[in-house]
Each structure stands twice: as C-alpha cells, then as structure tokens.
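Structures given as structure tokens follow.
Okay, so chain A shows up in both of these, paired with chain B first and chain C after.
Let's turn to the complex of A and B:
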C-alpha cells in the first residue's frame, strides 16, 4: 500500500490561525446583547452551617438583576453517579473557604462585585478537618453526614499472594512517600456564558472538556429537558482535567440566566480557579516492594491516602487508578492495594493529567531505584528484567495489546548516554531513569451504559465539502486536527476540504469528552468508520458511473482512481456529486465502543483502569545539584513515549513536552500551600509553574508499537509521559548527591536538609558542588 | 477582579503632579508602569479616588551624566532601559545585575525605576484578594489588628521586595524628591523606614523624580544575587548586592553590602565596609561578612520559603557575591 498522505505528517493544528491572530473565540471573548455579569459569593469559613442568607440589600442595588442561593437550585449533582454531593450553591453547609454560597447577576462586573458585599450570610462555624490522616479518624462534625468518618471511599484489592511473595523476596523496601497538592494552571480561567433564549431554551457556551456531562447536569439542576438545552464548547485554553467535570460556574450561570431571563456570563478570577480546583490531591503512599535475587519484582503492596477535599468529584476514580495502574506497568504477579479517599474542608480534588497514576508512580519508581541499588543492579537493567510479555492480561485484569516500553527504555538510555553517565558523573551531577504508562481512554463509561463512547457523522454535499460532526472536545490537545487528518486520509482528500463542527450538542452526536486520553483512540476510530463508509459510497458511485469494480478504486489527493486502469480518474468534486445522485445523500455515521474483553475484571472497583490500550514512557533526566543551596538545575530530559502510531508527530511531541514540563513543575516547585484550610498561594505569582528558563532541553522520542485496535495503530500521547518525569528527577538527584527525597515538591530546602542529615550521620563534611553554576 | 472606581489625572509637569497630590491628600495615588499598582488595585489593597498617571511627564525620563560626573536616572526610566543603558553598564555593573533580575521581561518593559524604589512591601498575609483578606479577617497592615507573621506584635513585618534598591544602596545613591516646597535630595539609605506599613520617607504630596549615582562610585565592581524559586517573574525571597573597590594589590579600598527581601527595608550591612576596607581577600573574612549579613537580615514567615532557609541563603549568597566581585573584577 502506498504511504499515507496525511497520517504521520507533522501538520500544524487546524485551529492555530485563530488562536495566534486573536480571531478565535474563547468563552470569555463572547458577548451578546443584554448580557449580564455574574459573580459568585464564596464562603469565608472552611466549615460552617448556613443559618440564613439575606439577599434583600443586594437585590435592591441598582443594576442587580438576579441573586441566586441554594434554594434556587437545590438538586444535587456530581460527575460520578455515586457522588452526587454538590449543589451549585451550598444549601445547608459551606465546606471550604471558597465554597459557593450565592451569586449575583448585574449589568456590570463592578456592580455584581459590590452586590456580593451586600449579601448577609448567617454562618455557624463548625470544627473543620484539614489533615487527611486526622480527618479519617473523625468521630463527629463529618463533612457530609452520609459519609461517616469522612472517608469518601475505600478499596481493598489483592491479587496473587503478596504475603508469601514478600516472604520469598531477597530485597524489600518499605517507604512512605508524600506528594503535595498541585493544580492544572490552565492558561484560560473557566468561563461560562448562559443565554436564556426568547423561546425559553437555554444555550450555554462553556470552557469544558465534557459538554455531554455538562448537558446532563444542567438539565438535572435547572429541571429542564436536555432537548431544551444546547451546550457549545468554544475554544478552550487548556484543560488538563480541570474542566473535565462540571465546575460550579457552569451551573451558576444557567441558574442566574434562568432567574434573570437574561444572558449571564461568569468568568472566574485566577483565585476562583484555585477554589474550583479538581487538581491532584495530597497523597500519602506507604509502599512496600519485594525483589528476588534475580531482580524480579515479586510483590508490591501499597496503602494510599488521598486528601480529596470537600466533595466527591472524581475521587473514587482517582484512588482506583492509583491502585489499578500501580502494578500494571511491569510484570508483577502479586499486588495488594488499600486506597482511601478522604474528605477534608478544602477545595475538591479531581482529575489531573495522568489521573491517579502520578503520585504512586513517583513512589514506585523511586523505590525500584533503591531496590536496584540494594541488588547491585543498574536501574535500566532492573526495568528490563520486569517487562510484561504482551499481548497479555495483567494480574489485575488489564488487557495489554501493545507494549512499546522495552523500546522506550532502550532508546531513552541510548540517547541520554546512560551507560557513560550513570554513577560516573562528578559529584553534584546525576542521571535518573523512570517509566510510566497511561490509558487510551477508559474502557468503561462514567455512567454505566451500553451506548457508544463516541459517535461522529460525516456529511458531504454538492459543494464537495466534507463536514465532520463530532462531539469530541478540542481543548488544545489537537483533537480537531487529528480527526480531520483521519477523515482526509481515508477519503483521499486535502485537509482544506474537511470542515469540522465540534462539541455543539444541537449539531453533533454524543462524545463522552476529552478526559483519560480517549479522543484519538475512540473518536479516531469512529471517524475511521464513518470515513470508510463515505469512501465506500463514493467508490460505489464512481464504479457504477465508470463501469468498474469498486474494489480496484483508491482515493488520494482529491482524486479517485483505479489501480488497474490509468485512464480511470475522477476528481473528488465530481465523485461526491455522483455519490449524492446515486444514494440520494452522502452521509455516514461512525461509532466506537471498547470491546468487551477490554473492560476488566469483576472485583469491586474493577471498572477503573481497564482501557482498550495503554501508552508507555521511559525518561532519563540529567541534572545538577548545588549542594550549598540545594537548588537543582535540570540540563536535559530524554523522553521516549510509545503512542502506538504518531498520527501527527508535531502534536505528539508537543504533548510529550507538555507532560514533561508539567511533571517537572510538580517534581521541583509546584505546591498548593495550606494554612487552616486557607490557600496561601492562589495566584500564578505564588503558585510557581516553571518558566522557560527552568525548562531544560527536552528530547522527545516517538516509539510506535502499532496498536492492533487503535486508529492506524495510534494510542494515547497526552498524559502518559508526565508520571515518569517526577521519579526520574528524584532518581537523578540521588545519583547526583546521594540523598533521596520522598516528598514532593523536591525543594532546595528539602535537599539541603537531607544533605546536612547525611553529613551529620557521616560525622564529617560531604563534598561541595555548586552544581555547575555559571 | 475589577478595578476600583477612580478618576485618572494625567499631569504634564512635575509641578502639576505635586499640586494634584497636595490637593487630593491621601485619596491620591501615583501610577507609572503600573506593574505593582494595578494588581494591588484589583485586589482592592488600594482604593484611591484619584490615580495620578505620571507617564506624560517627559522630564521624568532620561539617563544623563550631570556636572561632576554623577549619573542621573529619571524615575520614569523603565527597568529595561536601565539594563540596556551603556552608561549604566560600564559604570555601575551592580545595578544592571540587580535590575535584570526584576520580574520578567514584560514587567521590565513597563516597570520604572521610580516604581521599583517605591514598591509596596509584600507579605503572604497581605498581598491577597479582597475576598481572601475578608475570610482571614484582615491583618495589622490592613483591615485588622493582628499580625499573622508575629502575632502579638505591633509592628508590620511586610517585607521589602525590591531588587534595584540594594544595588543602589551599594552605590551610595541619592533620591531626588519633588514636593510643594520644591525639590530635595535624600540619601537612599534614609529613604527606607524599615516599617512594613510606613515604608518610605515620602510625604503624601511628594514624588520621586530621579536617582543620582555619585561619580565616586563609578566603576565599583559588583553584582547581585537573588534567591527565588523561578529564574524569572519571582520577587526575591532574599537578595544581596555587593559593590567593591579593589586596588592593584588586591586590597579592598571601598566596600558595600546590602540585603533585601529579608526586612521591611533594604539595608546596608554596616560591618561590611568597616571589616573589608584595607583587607585582602580571605575566605575567613568573607565568611565573617556573610555572618554579619545574616545578623542584618531578619526574615520572617512573609513569603513562600522558610525564614531558616532564607537566612541560610543570605549567608551563602553574600559569600559568593563577595568572592565573585573580588576575584572577577580585577582591574
């Protein structure tokens, strides 16, 4: 077969021109006639009963058109069917500083802000829970009455016989790891414009990764049929999981719009983004790993406590992912997992890039490094000895169809100069390796059903434009581009011919959303199916018109031609018209649902973790440590990622680099700092994502394992690389200066303290290094 | 976050600006580059009735050599202009070293020297939104009566977080200040009051118009070290500026060391010149001065990093800055 015309090509993203010229519209760019500005009143208490709310003074302020409280929208909601514990405005209790208590819609943002100050809330403060380990011991003042002991959910899994395996292990390490709380820090703060239409319908433009779930939730909360609600996702400036469940303003704006009978826009301040949060929880992981004398990982046992904040959100899914993917990267026959999702009086955590896998991967890969040290084995070699033999089913029931990890490890080691560097660099400079993996979409939907996870429609009209109607949500990751590439490839037409209508519930069929790295795999497969159907219809018409067998036809560069008869050649415009004449219309639908075999085991919580396919990563970090200041300078990161097949190498590299960058931020400098439930750094000045100056050269290596079920062999690329970066940094610090930091972020202060501790134990001075400071 | 409602006045001359300040009293506030003022306005830390935009006053910008060989830098010169100025580069390297670390390139393009010298002091408990402070119940500096950094105390410890001031202190800089009674000169060291609330010795009806760098400090070798988490954007968590004159024999003839971001004012380390002048380099001497620096700097829990670490780094950075200035600047 001839090479691809679009697949595997580094094509620029289709939405890039709008973004770089400013012509593209994000939610906050939208204004409509009569639009009001909404502002939300947040709780000043971490935990308080709400005795009464008096909104009369706010309502009397000129320019105020509506004030809403919990009574206006009492129906509970939540992303998980088992976790409907949120209300748009607190009904009885406020559960964190920043919780949503009321909202105002007014003719200007200034008036709306002023009106917030006029709302009198009668609070009765309650004792609050901030520390997850203390909170899970609570005997009173529970955050949710229906969750005694403040434990949202706990899971206990055992596969194989871990006890016996530990007893038979030659080397065992037991360590406690701590990961501070981090947030997505997407460039675009959340924004929602809700338009109460003259005919009584509701149109909502919102910065969301999940229009479908937003659609359902607004229907529930506003007590309207879904048919009367239209959700449109405009350009979204990054999600990373922070927009993958319904965020309070997305319901507050419709509630206000319905009450005011006017359009209402709410855009969060950056501080409010931190309160809406849904980031990666504080995680305390007690990890035990056993190794045989031959360097085989015998068993892993983990007890993981996650500080989930005040609401359920994706919590149970997060804690299940931590367990499900903990043991499935390597061939580990015995696994025990005890996971606890704990409630505290802080903003709710949720899904964040690498959902659930990141903090436990830090723990595991750090421990593996120590075990390699104990066994006198090279860290690369120990990973080689523990590879899965794909295709296979892991001990916890995950089906692995393609496995590029061996190649990732070899390439990362080779390109980083591992063999020449490991243990051989001068004191103060080191290298570290770590691996990770991630799902290509969840095999089971959030709401159990047998519906397809995604559906796309293609329509070709007499203008021969190919319009793809897709519910998939472009959030900056490139989903529009990839889908267009797939359709263009199959139909053999130029990219310019593809028009994309995406994420508009009046026009596009349901897609579950942009989360768990599912879009390329799932929407991609649906596009493939729909496009093949269109192509078959076109070929049938061309064959009929020219009297040939459709099986000899091929399409490329806007032409349909015969592989047998060089004289048979028809341009796509003509062929499309022929097909419409022949069939009456040229339309097709494609769907995707994961196969039954990919949906996992039967144990409680088995639904989370299974995926039709997994991506793999291996990374080597090289860095220097200044032993007088503890400061780390990362010089280079070599990141090899198995994405099955790079449909667009440009966007794959972008995703690898972005993941590495985010991992680096969590590894070294990002942390939400709490004081009695008060977030001390709710700004991008004090919450320090890395700048370009701390970001080293990142060498992305694409590994293609050609997944048998992925579209053109493709699988996940957007999240899997992140988790490897953090332990690779920790392991490189160990290689550089011989101290192991089990707590994230690895701040200069922690390194310095560890160095001094080591110095004290040795009873002498350790060597000094300024870390290659210029 | 919205801006508070206020009138913007755009005077064309210093006299006019001073008159507006005098007429409006405490309700007026000067804005130049706006990089510090605007976020603070959005957080409702300030709610002026009149915002006096001094950018139209052309006389306030210009880097010029004046009679006697001193350098005058206008209050409105941007930080980028200072870094890029050949006059500053060749004569006062410590200033370039410090100013180049301020915030990021975008802020340096907008921010002015006058603004950087009149920065609001910073504290984690103060530089927060209106909502945040309301949830807290305020602090000693604003809307409350408790200092969350040093509870029980009556003094505000909000920290001086400018980078240019310590460098200018090592150059014996003077401020030129305009007021209703004309212009006056004030040594920079006297400009700062080491009080988190009343941070500078500037009347409500006064404004900074220029900075003078004396001829006698031309050519002092020097540099600035800044503790921060990111290599851009961040305010200093601690900073040290060093300026030395060293003769052909390696003997120190003049020395200044100033620390920033560890007190409510940028401060000279007084012992430095006394101990260093007349001496040749030795590790012990430099360590002694570094110890003096951490006696001058008294960091508290006002910022992201702990006081212990910031003190520690002040010592390391002082030692390194002295070593580098002494060794690299050899004539």
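Let's turn to the complex of A and C:
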C-alpha cells in the first residue's frame, strides 16, 4: 500500500489558529445590532401545578421587549419521536426545580434579570418523586399523566438460555452496583443567539452538537417551515453529549426573538448549565455473572434502573444501550436484561460520553474481577479466555467487523508491567485492569428513515480551492480536521487547499450530528466517496487532455502524474481547470448510510446498539490507597484503544486521554448531590471535575485493527475509553487494600467504611504490614 | 444606571469607556471592547477561562472590577503576540493538541505565559501546579503539558535564531 500524505499524520487541528488567538467565535462571543438579552424564569418547586402566571409587571418594566410563557409556544418536542413531552415553557406543571416557566428579552441582561423577579407564578405544589425505586412504585401524582407508575420505558431481553447456563456455572457472583449522577460540565456554558431577520426568517447560532435536530425542533415549536429557518453552529466549547439534544434555551431564544421581532441572545450561567444537565443518570444495577470452571463467561443477567429525571430526553436509548452493550464486549452466549427508565422530579438525564455503557461496564468489569479471583485466575487471563472472533454476530445481533481487544489487553498489560505488579505490590498499592467498547455511530437514526446519515458536497472552482460542505459538527473532537485530511489525501492536495464550510443548514447538507461517535466513520466515509468522485473527474479530464488511460494516473502533493510516463505531470490548479472545462463544473456529493447487515436484530429495542463497527479499549490503573484517610492517589493509567486506524494520532490520543480523565472523575470524585430535587453542588467549585493535580499520567496506546468498512480503516476514538477507567480503578483499589467498592464515586468515606467493615469481620485484627491483601 | 468613564490600557492600546462602577473587567473586555478571547466558564471564579495578564501576572477577570485596573498593563489572549503572528505558547498549544474545543485555551495560554515569564524552564510538576486553577474538560491535560514543553522549545529556538547584538 502506498504511504499516505495526510492520513495517519499527527496534524494540528485546522481550527487551532482561531482558538489560540482568541479570535474564533463561540456563540456567546457573537453580538448583532439591536440584540436583546434573554433570561429564563425557572421553577422553584420540584413538582407543582401552575395555576396562573402574571407577567404584566414584567412587561411594564422599561427595557423589556418581550415576555414569553408556555402559551406562546405550546407544541411539545423531544429528541426521540416517542418522547415529545417537553415544552419551551411549562404549560400546566413544573416538573423539576429549574424547569422552564417563562422568559424575558430586554435591552440588558440586568433588566431581563430584574423583570424575572416581577413575574408572578401561582404554583400549587404537588407531592414529588426523588428516589427512582420509590418513584417506580407510585400509584398517584405521576409526573406525566401518560406515564403510569412513573416508568418512562422498560425493556426485557433474553438471548440464549441464561437460567440453564447459570445452573451449569461453576462460579456465580451476584452484586448490586450504584452509580451516582454525573454531568458533562463542558467548559462552555450553553448559549444561543436567535436573530429575527427583516424578511421574516429566523437565523439561530447555537452551541449545539446537533444543528439539524435543532432545526426541526425550532420549526415545530415556532410553527415555521424549516425552509425559513437557518441554524449555524459556531465554535462549540465541548459537548460530551450535553449539547446533543435540544436544550431549553435553544428554543426559548427563538420564541422570544419571534415575539420581539428582534435578535435575542441567551447564555446560561454555570448554575443553569447544571440544571439543564442531560447527563448520566443514577444507575442501580443488579448484576449476575456465571463462569465455567475453565473461566468462560457462561451467562450474564442484569436488572438496571436508571433515574431519568423529569423528561424523556434520550432515556429509552440510554437504557437500551446499557442492555445492548452489556454482553457484547466478550463472547457471552446467554444474556438476560431488564432495563427500567424511571421518571423523577429532577432535571432530565440524557446522553453523556459513553452513553448508556459506562455504569453497567463498571458493574460487569468489577464482577469479572471477583470471578477471576474466585476461579484463581489472573484478571488478564480471564479476559483472554472470553474474546470474540471477528467477524461475528453477537448473541444479541450486533455485527462485529473488527476486534482489536486482544491486542489492547496485551499492550496495556505489557506497558503497565502487569505481570510484575499484580498482587505483588506492597499493601496499599495496587493495579487493576478493565475493558470497554463503544459504537462508531448508531446504525439506525433517531428518526427512522432510509436516508443517508451524512451527506457532503465538494466543489472545486477555477481558483482550484477545494471546498468541502459538511453538516458534521466540530465540537472540539477534531472532526473538521479529519474530514479535511480525508479529502486532501484522496485528491492528493495540500491541506491548505481544503476549505471547510460546516454545520450551517443553509449551506451544508444534513449530517445527523456529533453524538454516538459517528462522525469519523460516517462523515468520513461520505467525504471519501465525494473526494473519489472528484478525483475521477479530474483524472478523466487529465487523461483526455494528455491522451492517456485515467487508470495510470495518481495524485499527490498538488500534482497529477502518470505512473507509466514520467513526462506526464500536471499541477492541481491546471488539472482542476481542465476538469471544469471538460465537465462544466467540478462538484461531487458523497453520502453514507450503514449497511443493512449492520442494523441489528428484530426484537423490540433492537434498533439501539447496532453500529457499523465498534471500538475496543483495555486499561490498567496503578494507584495507592491511604488506609488512614481513604484517599486514593492514581499514579498512572495505561490506556490502549482500538480505533481501527488513527487518521490523526494526535487527536486520537487527545480523545483517549480526555475520555480516561473523564472516567477518572466519575470514578473518584464527581457526583451531583441532590436534596429533595435541589442540586447541592451546582458549581465547578463543588462539582469537582479533576484538575491537573488530580489527573495522573495517562499513557495512551493506539491499536489499529483496520476496520473493513471504516474510512481508511478508522472507527470510534472519542468515547469508548471512558468506561474502562472506572472499573479499572475499582479493581486496583481491591488489589491495593482488598476491599470492593460497588458505589460511585469511590470516595475516601466509602473506602474507610469498607476497610473498617473488613477489620470488624476479622475480629479487629488488621494485618497492615503483611498485606491485608485478600 | 450611573456610568463612569474609565481608561483601560489593553494590549498596548488605551480605551476610554463609560461603564457602571461595578462592572467586571471580563464584561468590559467582552462587551465594551469586543475582546471576546477571555471566556466566562463559571459563576464563582472556579474555572480559569477568563484569565488575563495584569502587569504580567495572571488574574481572573471575572472577579476583577474594571475600574480598579486603570493604571495597569492589561494583556488578553488577543494581545500576547502582534497581529498575524503567534507567540511560542500559542504555537505550542496549536501544534501539540493543547486546544481541543479551545474554550479553556485563552485561560491556559495566559497562565502559561505568566508561568514562563517568571520561570522559563519549569519542571513538569511546576507546570502542573501553575495550571492547577485552570479547568479543561477535553484534554485530560497530557497534551497541555506537551504544548507547554513545545512552547518552551520554540521560545528557545527563537532566542537562538536571533541575530547577535551588534558590536560584540
């Protein structure tokens, strides 16, 4: 295979200059003439009927240009077609503290804020539900009348014969796991600028991962045709799923703009970001895993309850992902899954990096560690014995096309010095291993259709610039760069020649958005197709002009040349002009839709989980536990990730490290603390994302399994690593001090309590020096 | 609301703006001077996105009253290199992956600048401590350290490439 010019190179991101000079614009950096400032009034009750709202005093305040309430935009919306249960402003009931009740647009933020205080809302408080296990027993005061018993959705799946398999297992573990609620905490607070145009159209600049879903939703709630609305995604300061569905301010700003006939910008405070949430739900997982004497995983059964908050959001997808990926990392013939998405009077949960897989993976990998111990087997060895053999179809119908997990495990073990360390470090210090995987995009779109998931256009004009029109959303993960690299590679041109026009619904064709790690795979394949088409047109023109066979032509370094005739060489500028001359225009379209075989089984809920390909990760964590304070110090994390092919190793490593870091935060210190529906830590001081001081050295290892269908072999890199970090930490803590913590985050308090419990069970004798180790 | 006229020297240029007496430096920079490089990431001085240099020291502009800085040299991310050029720290972050979404980047650049000004050859531990009040949610910090190292190398290379002073 000829070596590549751009693919596989650690190139800097194409949008880096704007980011390092401060000149790049994020939504809140934008202002336009006549712009108003919007502020939202949030409910102070977790569950209350709204009897009446009086906005007259607010409207009378000088500087106030519009006040909107539920009546101004009564149409329901939601990210899932089955979950249209949200309204721009509450119509009848407020369902969580922070729910959106009304909004004001005024000439300054201070005036808007002051006007909020003048809105009188007559609330009738209702009994509220905070605990998911209690909420799902509710017989009255349901959060949504159409959801009896406060259960949003439940799914029951069985593959193979788990009962018989458990009966035949030599070792069985049954454990309950708890994962606290975590949130994205992207550094950029959400912001939306909605501009009412003089011709009656609406232009919306918003911090979104999904401009095309936003487009649909604004059309629905503003009762305007999509053709009259334009969505533009500016630079986005991180998403991690928190901007992957429509966030209330994104519809509130357009409603206000339409009412005021003026541009309106709303930017959340950090506190509002916490209440907008859509993060990873509290998860209670009852897990049972059976192992044969030979160390083969025989069966897994899980009952998972997720505390989804007050609205549907992505909830059914989250709970389905938890089931679909639970048994698909290893070769497991028997799987049972019972998943419940429960409503409570708290902000809605949603998609967060590693969507749906993270908390069950924590449960599974922790349990597997215990089973390895029961069977007297090394945790690395037990994983080796349960590998899939690609290509294959898992028991629940997921098609696996490439599988770099074996190499990930070997590399992570080798680089971390596993063999020398496992069980051999002094008491208080330990190592743990865990694995994970993730989809490279969902094979089935949220709104079912057979249309492409991504379409891109390329235009080359007489200036010989190559303009790529792509709907894909760069949110910091580097997708603009990857797409430019692919196009430059295929056309054999320099990176500087590629101009990218992205995520603007007036200019770019539909891409479903930056979620479920789909962009490299899907937009990448669409770019590949479009660029190959352009190249073929260029070659045809050059061949015609020089009287050669197009099959002998190649493109590289801004030149088209013949592999046969060293005299035939044309620079790209000339070749582009020749192609325009020959074809009339030099344009091409590329699309991507996952193949039929990748779209999964037929059972209810089978649509979630299938992906055209899966990434794989294995990690080893080394840490110390201070047995006096319970404090954990992580020394090093070795993270191997199979991304198919690293189109850009610099950005792939950045994604692996960022995922590991976020997993570490959830493992040890991040948790949203609720008290009767009120968030007790809605700030970055109290919701503690790891700083440089808490983040250890992360060594990322790229594994390349070369997926047969990925662009140049590439697959997912941005999410899959996160889920392995958490159980690797839990397993390392066990190795260090012999206690298992099944509850996240693993705080010093929980460790101390477990150490005391262990001490008590040994009759007060704690053998610190010789290793209380097991 | 009452406003007062204040003079701020930002990135070498003097600006006179009429602002309410309590207006924060971050808001004056972003709203009155159109310098949107410094970002707001939090409500309680916990993120570092808003950092600017005041007489070469990094401060959080979200908790600084603008009128108190009238005699100071204020430098924002837009001003750390002459227009059209990049400072070595900007090159470092751009090339080594230090800026993913880029939202934290202005704050990191400012704090890195301040660190290297007082300490041109910090150890990894010193870098870690110096950047510990800046939050980044994207990178896991590894490529930020690499960016700082690259910035140091680039600064050294530029120094070495400078023509020797005349007369020696």
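Basically, the second predicted complex is superposed on the first by the 764 of 774 C-alpha atoms of A that agree within 3 Å, B and C clash if a C-alpha of one lies under 4 Å from a C-alpha of the other, contacts with A are read in each partner's own complex, and residues count from 1 in each chain.
Heads up, the rule we're going with is that contacts are C-beta pairs under 8 Å (C-beta built on N, C-alpha and C of every residue); 3 or more make two chains touch, one makes a residue touch a chain.
What you see is a predicted model, and the numbers here were worked out from it, not measured in a lab.
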Taking the superposition on A as described, I'd like to know which of chain B and chain C A:238 touches: first, second, both or neither. second
Kindly classify A:669 by the partners it touches after superposition: chain B alone (first), chain C alone (second), both, or neither? first
Per the overlay, which chain contacts more chain A residues, chain B or chain C? C
Looking at the overlay, what does A:513 touch: chain B (first), chain C (second), both, or neither? neither
First (chain B), second (chain C), both or neither touched by A:650: second
Please indicate which partner A:678 is in contact with in the superposed arrangement: first for chain B, second for chain C, both, or neither. first
For A:38, using the defined touch cut-off, is the partner it touches chain B, chain C, both, or neither? Pick first, second, both or neither. neither
Output check: A:691 vs chain B and chain C. Expected answer is one of first, second, both, neither. What do you get? both
For A:660, using the defined touch cut-off, is the partner it touches chain B, chain C, both, or neither? Pick first, second, both or neither. second
In the superposed arrangement, does A:752 touch chain B (first), chain C (second), both or neither? first
Return the residues of chain A at which the contacts from chain B and from chain C coincide. 110, 269, 271, 685, 691-693
Taking the touch rule as given, give the residues of chain B at its contact with chain A in the complex, in rising order. 1-2, 5, 104, 124, 128-129, 131-132, 134-136, 227, 229-235, 304-306, 309, 312-313, 316
Residues of chain C touching chain A in their complex? 1, 30-31, 35-44, 46-47, 49, 76-78, 81, 86, 90-91, 93-97, 99-106, 109, 128-129, 131-144
Any idea which chain A residues touch chain B in the complex? 42-45, 97, 109-110, 113, 269, 271, 628-629, 669, 673, 678, 680-682, 685-686, 688, 690-694, 748-749, 752
Chain A residues within the chain C interface of the complex: 12-13, 15-26, 28-29, 31, 110, 184-189, 235-240, 267, 269-271, 475-478, 650-651, 653-654, 657-662, 683-685, 689, 691-693, 695, 697-698, 700
